[in-house]
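In what comes next, subunit A is part of two complexes: it sits with subunit B in the first one and with subunit C in the second one.
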Partner chain A sequence: MIKQSQTLRALLPGDALTGGGTDVGNKAALSEIDASCRVPVLFFFLSGLAWLLAGTVLALVASIKLHTPGFLASWEWLTFSNVRTAHLNTVIYGFASQISVGVTIWLMCRLCRIPLVAPGLITVANLFYNIGVTVGVGGILIGDSTAIEWLEMPRYATPILFISYALIAVWTIVTFRLRAERHLYVSQWYLLAAVLWFPWLYGTAQVMLLIEPVRGVVQASVNWWFAHNVLGLWFTPIGLASIYYFIPKVIGRPIHSYYLSVLGFWSLALFYNWNGMHHLVGGPLPSWMITVSIVASVMMLIPVITVAINHHFTMLGHFGKLKYSPTLRFMVFGAVSYTLASLQGVASALRSVSEVTHFTHHTIAHAHLGMYAFFTMVMFGAMYYILPRITQREWPSNGLISLHFWGVALGIALYVVPMSIMGFIQGTMLNDAAVRFLDVVQFTLPWLKLRTLAGLLLAAGHGAFVINVGWLLVRMFEPYRKPVVRILTGEAETVAAAKLP
Partner chain B sequence: MSVIAFILLGSVVLLPAAALMALRWAASSGQFRCPDKAALLPFDEVEPVGLETDRILGGNRR
Partner chain C sequence: MSYGPLLFLGILFTLATSWVGLVLLPHRQMGALGQHTDTNTAAVYPAARAGEAQQGAEHYRSLGCVYCHTQQVRPEGYGSDIERGWGRRRTVSRDYIQDKTVMLGTMRTGPDLTNIGERQADAAWHYRHLYNPQITSPGSIMPPHGFLFDIRAIGQAGRSTNALVLEGTFAPPAGQEVIPTRRAEQLVAYLRSLKSSGDLPEAPVKKEEAK
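Here is the complex of A and B:
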C-alpha cells in the first residue's frame, strides 16, 4: 500500500486510509465541513487570484510610468490615472475582498462546526461580485472614474457590488444562527463585525458621495471616513480573525490570553472608525474634528499592543516551526507587519509628522505595509492552509512555495522601506521653499525605479503561487491514492527532515 | 437631504445600540465567562491541542 503522509491522513474523510479508529466520526464531520465549502470557497479564491494577476500587471505599468512617462503613452485608456486607479480597485475589491470572503466562509463553517449552508446564496453573491468588479474596473479604464479615492468605480457598477456584500452578510448571519457550537471564538467576533460593518460603510459612502452627494469639506471627511475604515473595519478584522485562528491551529497551542484578544476586538471597534480624519490634517475642516481623529488614532495603540503581545507570547518557543509551515511563515510575517503598520499609522497621524509625510510616497509605503505586508500575507497564509483541506490534495511544489514566500517578502520589504525613507526626505524637500519642485521630482526617480524592481519580485511571487494553485487543482482530478507528489510516496520519508529553503 | 439625515440618524442611534446589544448578549450568554474554554475552540478531538497541523514536509506531529 502506498505510504501516505500524515498530513493527508488528517485531511481525508473518515477511515478512507486508516480503516477505522476512535475518531472516525469526528474526522468525517471535519471533512464534511471542508468538502461543503469546496465549490464556493474555490470560486472566491480563484476569481480573487485572477484579479490579483490583473492588479499586478496594472501596478507594474503604473510604477514604470512614474519614472518612464513615455511607456505605453499612445494608449489613452492606459494613462497613469486610469491604470493606478484600476490597480487599486482590482486589488482591493477584486483580489483582497474576494479572498477575505473565501476565508470568512471557511472559518465560519469550521468555528460554527456546521457544513456550509445556503451554498446557492453564496454562489450568487460571487457571481454578482465579479460582474460588479468587471463593470467597475472596465468603467475606470474607459474614463468613467468618479475621482473619489477608494470609491472610483462608476455609479452603474456599485449597486451590483452592494447586493453581493449584503448577500454575504446575510449568509454569515444565517450560519451564525445555525451554529452547532454555542460559544464564540474571538475570530468569529471579528468576522461577524466585518461582514456587518462593510455593507454599512459602503452603502453610507455611496449615498453620501455618489447618489445624493454632500458638498465641500463634508465630502472629503466622508471620503476619508470610508477609505480609512475599509482598512480598519473590513480588512483588519478579517486579517486578525485569521491570525487568531491559524497561528494556534498550526502550532497546536491556544492563544496566550483570550481576555487580551477580546479587549483588542472591542477597543478596535470603539476607536478605529474615528481615525479617517487624520488624513485631512491641514485641510479646511474644523480643527476639533481632526484633533478627535488624531486622539482616536493614538488610542489605537491599545488594540495594536494587545494583539502584538498576544501573538508574540503565543508564538514564544515555537518560532522553529517557521521552517516547516508556509501558513505560519505568512501569518507571522503578517502579524509583525500589522504591528509595524499600526505604529507607523499612529505616528503619521500626528500633526508634526503629517505635515512632512502627507502628499509624499511615505503614505503609499504605509498603505502597502498595511494592505500587503499585513493583510495580503495573512490571506496567502490562510490559503496555504485551506486549499489542501478543501481539495484534499497536498501542495504539489515546495519550491514554488518558497519562491512565493521569498519573492513577496523581499519584494514588499524592498517596496516599503525605501519608499518610507524617500517619502520622508521628499516631504522635507517639499516643505523647503528654497528647493525647486523639479529637483524634488528628480530626487524621487532612482527610488521609483527601485519600486518597479520590488514590483517585479512581487509579480514573481504571485506567479509562483498561481502556478502552484493551478497544479493543485489539476491534482484534484486524479485519485488521491496515486503518488502524485513525492511526499506522498516512500521517498517522502527520506525528505521528511528537509526544511523549506 | 432626507436620505442623508436618515443615514446619519441611523448610524448615530442604531450602531451604538447594536454594539451595546451585542455586548449585553455576549455577557448574558456567558461568552466572557470561560476564557480558557473559548481559547480551545479552534481545537477538537481530531485536531487537539499539541497537534501541529501544517508541517508541509514532516506531516502532522504530536
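Here is the complex of A and C:
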C-alpha cells in the first residue's frame, strides 16, 4: 500500500486514497460497495431519465406554444401554463432530484468506504417517490396547481414526496454515520449539507404555503426563500460535490487547495440561503428584506470565485484528457457553467440590472444556465462514470456519447446565450413606456422560435443518452465480455485509447 | 475538517439564520397586517372580495395566469410600470392581505394585471379577450381560452343576452352562439375586482390624480 501523507488525504476522494488501481483488496471493497448501490441507484437513474424524457416533451410543447399560441389550444389540460409547470416539476422533482439522490448515495458510500446500509428500503421509498411525482404532475395537468412557483404540486401529492424523501435521507445519513473512512473529503460536506437542508426547506414551504398558508406577501418571501434555496442548497451542493469528486478522480490529481475548499463551502452555507428575496426587487416587500438578499447575492462572489479557482486550477494542464473521458467533459462543461451562472446571478440581483432583467426571458435563460448547463451536465458526467461501475459493463457506443455531448452542449448554448440577450432587450423595451406592449411581444417571437430549435437539439442529445443507457442495460443480461477498449471501467491511470470525436 | 458533529451543527446553524431572518421575522412583521381605515371617509382598504370574484381567483390560480402576468406595480422611477398606466402608485404589502394565494408573478409575457379592473372595466371586452385574444389584441401570444365558453345553437327565444358579440372569422357558425361558462363569469368577476389603488399612508396616491 502506498502511504498517503496527511495533506494529500485532505485533497483526494476517500476511495482513491490507498493503493488505487493496483491494490486488489481495495478494488474488491469498491466493487462490493458498487454492488450494494446497484439496485437503488439504477432505479433512481432510470426513473429520473424517464422523467427527463417526459420533461423534454413538455418543454418542447411549451416552447412551441409560446410562439404559436394556437398549437394544441383546444385541450385545457395542455394550456401553456399547465405544460410549462408540468415541465418544471418533472425535470426538478422527477429528473434532477432523483439523479441527485442516486449520485449522492453512490458518492456517499464510495467516500465513506462502506456498502449502502438499506438498499431495499431506499428502493421501496423511491418507488413511492415516483408515485408522488406522477400524482403531482397529473394534478398540475388537471388544473390543481397551487400556482406557487417550484411548489405547484397539489397538497395531495406532496406528503408522499416528503415521506419518501425522508426515508431515503435517513438511510443516507445512517450510512454516513457508520462510515469506515474517518477522513471527510470536501464532497461529503456538501452532500451531507444538501441532504439535511432539503427537508428543512421543503417542510417549511409545505407548512407555511400549503398546509397553513401565511397571510399576504409573506407567502412570496417564503416562496422565494424556498425556491431559490432549492437551487442553491439542494442542487448546487450535490453538483459541486460531484465536481470535487470526479475531476480529481478522473485526472488522478489532488484538488488545488484544501483551504479554498473550506472557505468555499462555509461561505456558500452562510450567504446562499439569504439570497432568495432578489427575486422580488421592486416588489411589495419591506426594503430591508430585498437589500439583505442583494448584499448576500454579492457576497456569493466569495464562494463562487473560490470554487472556480479550485476547480479550474485542478484542471489546469490536463485539458487533453477531455478528449478521452466523457465524465470529465461533462464535468468541466458544468464547472465552467457554474462560474458563469453564478456571475450572471450576482449581476441580475443588483437593483439597476434587475430593473431591466426582472420579468423577462433573461431570468428563464439564467435558470437554464444554472439548472442545465451547470447541474444537469454534471449529473450526466456522474452517470457516465457510475453506470459502468454498478452494471460492470462498458458504454456500448462512443458515437452516441458524442451525439449526446454535442447535442446538449450546442443546444444549451443556443438556448442560454440568445435568450439572455433577448431578455435584456425585452426589459429595455418594457421600461420604455413609449414602446407599445404588443410590440415587445412581437419582438420576442423570432427568439422564441430559436429556443424551440435549441430544445430540439437538447432532445436529440437526451435521446442518444437514453438509447446508450438502454443498450448498456441489455448488456447486463449478456455474459460479461472483456471490453476491447477500456475507456471507462479503468481507474484514472488506465484512461487511454479510443478518442471521442 | 473531519469532525462530523461540528459539520452537522454548522450546516444546521447557517440555514437557521435565514430561516429566522427571511421566514420568521417577516411573518412577525407582516403576518398580522390588517386593513386600513381612512380617518376622513371611514372607508376600509383593502375590502374583502365578493364571493363570485373569490371563486374567480381560484380559476386564475388553476389556469396558471400568474406564469405570464404579474400583480405588482414597481415604484415610480423604477421600471415604467406607472408610466405604462399599470397603477397610480406602487403596490405595498397591505394590498395583498385579502388574497388566499398571493400571485405576484415573476414574468411579464403579458402586461401587469394589478389594476386591470380599473383599466378595463368592460366585462364584454374580457369575455372576447379570453375567448380569443386576437379579437381584442391582435398579435398577442396569449392562448385562446375557448374551453371557458359553450358554443350552442341559438334557442327559440332568439340570441341569449350574454352571448359574445363576435364578428368575421371569430364568429361561430350560423345559428350558433358563444356563451361564457360559469367559470368564465367568475374569472371575469375576479379580473374586474383587481384594483390596488386605495390611498394608504405607506403608499399615498398622488393628490392631483386621485379624484
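We take it that the second predicted complex is superposed on the first by the 462 of 501 C-alpha atoms of A that agree within 3 Å, B and C clash if a C-alpha of one lies under 4 Å from a C-alpha of the other, contacts with A are read in each partner's own complex, and residues count from 1 in each chain.
Going forward, a residue touches a chain if its C-beta (ideal position, glycine included) is under 8 Å from a C-beta of that chain, and two chains touch if they have at least 3 such contacts.
Since we're looking at a predicted model, the values are computed, not measured.
S.K.: Would subunit B and subunit C fit next to each other on subunit A once aligned, or clash?
M.R.: clash
S.K.: With the two complexes superposed on chain A, say which partner A:S287 touches: subunit B (first), subunit C (second), both, or neither.
M.R.: In the superposition, A:S287 touches no partner, neither subunit B nor subunit C.
S.K.: Could you let me know whether more residues of subunit A are touched by subunit B or by subunit C?
M.R.: After superposing on chain A, more of subunit A is contacted by C.
S.K.: Is A:L184 touching anything from subunit B or subunit C once the two structures are fitted on A? First, second, both or neither.
M.R.: both
S.K.: Does subunit B (first) or subunit C (second) touch A:V207, or do both, or does neither?
M.R.: In the superposition, A:V207 contacts subunit B only.
S.K.: Once the shared chain is lined up, is A:V262 touching subunit B (first), subunit C (second), both, or neither of them?
M.R.: Both partners, subunit B and subunit C.
S.K.: By the touch definition at the top of the document, which applies to A:T79: first (subunit B), second (subunit C), both, or neither?
M.R.: second
S.K.: Let me check the overlay on chain A: which residues of subunit A are in contact with subunit B and also with subunit C?
M.R.: Common to the two interfaces on subunit A: residues 182-184, 200, 204, 208, 214, 262, 266, 269.
S.K.: Flag every residue of subunit B that touches subunit A in the complex, lowest number first.
M.R.: 1, 3-4, 7, 11, 15, 19, 23, 26, 29-32, 34-61
S.K.: Would you mind writing out the residues of subunit A in touch with subunit C in their complex?
M.R.: That would be residues 65-67, 69-70, 73-76, 79-82, 84-85, 143-149, 176-177, 182-184, 189, 192-193, 196-197, 200-201, 204, 208, 213-222, 225, 229, 233, 262, 266, 269-270, 273-274, 276-277, 279-280, 282-286, 289, 292-293, 351, 355, 358-360, 363-364, 430-433, 437-438, 441-442, 445 of subunit A.
S.K.: For subunit C, which residues are in contact with subunit A within the complex?
M.R.: 1-2, 4, 7-8, 10-12, 14-15, 17-19, 21-23, 26-27, 29-33, 60-68, 70, 72, 74-75, 78-80, 83-84, 90-97, 99-111, 133, 137-147
S.K.: Which of the residues in subunit A end up touching subunit B in this complex?
M.R.: That would be residues 5-7, 9-10, 23, 26-27, 30, 110-111, 181-187, 200, 204, 207-208, 211-212, 214, 245, 248-255, 257-259, 262, 266, 269, 321, 324-328, 384-385, 394-395, 398, 401, 487, 495-500 of subunit A.
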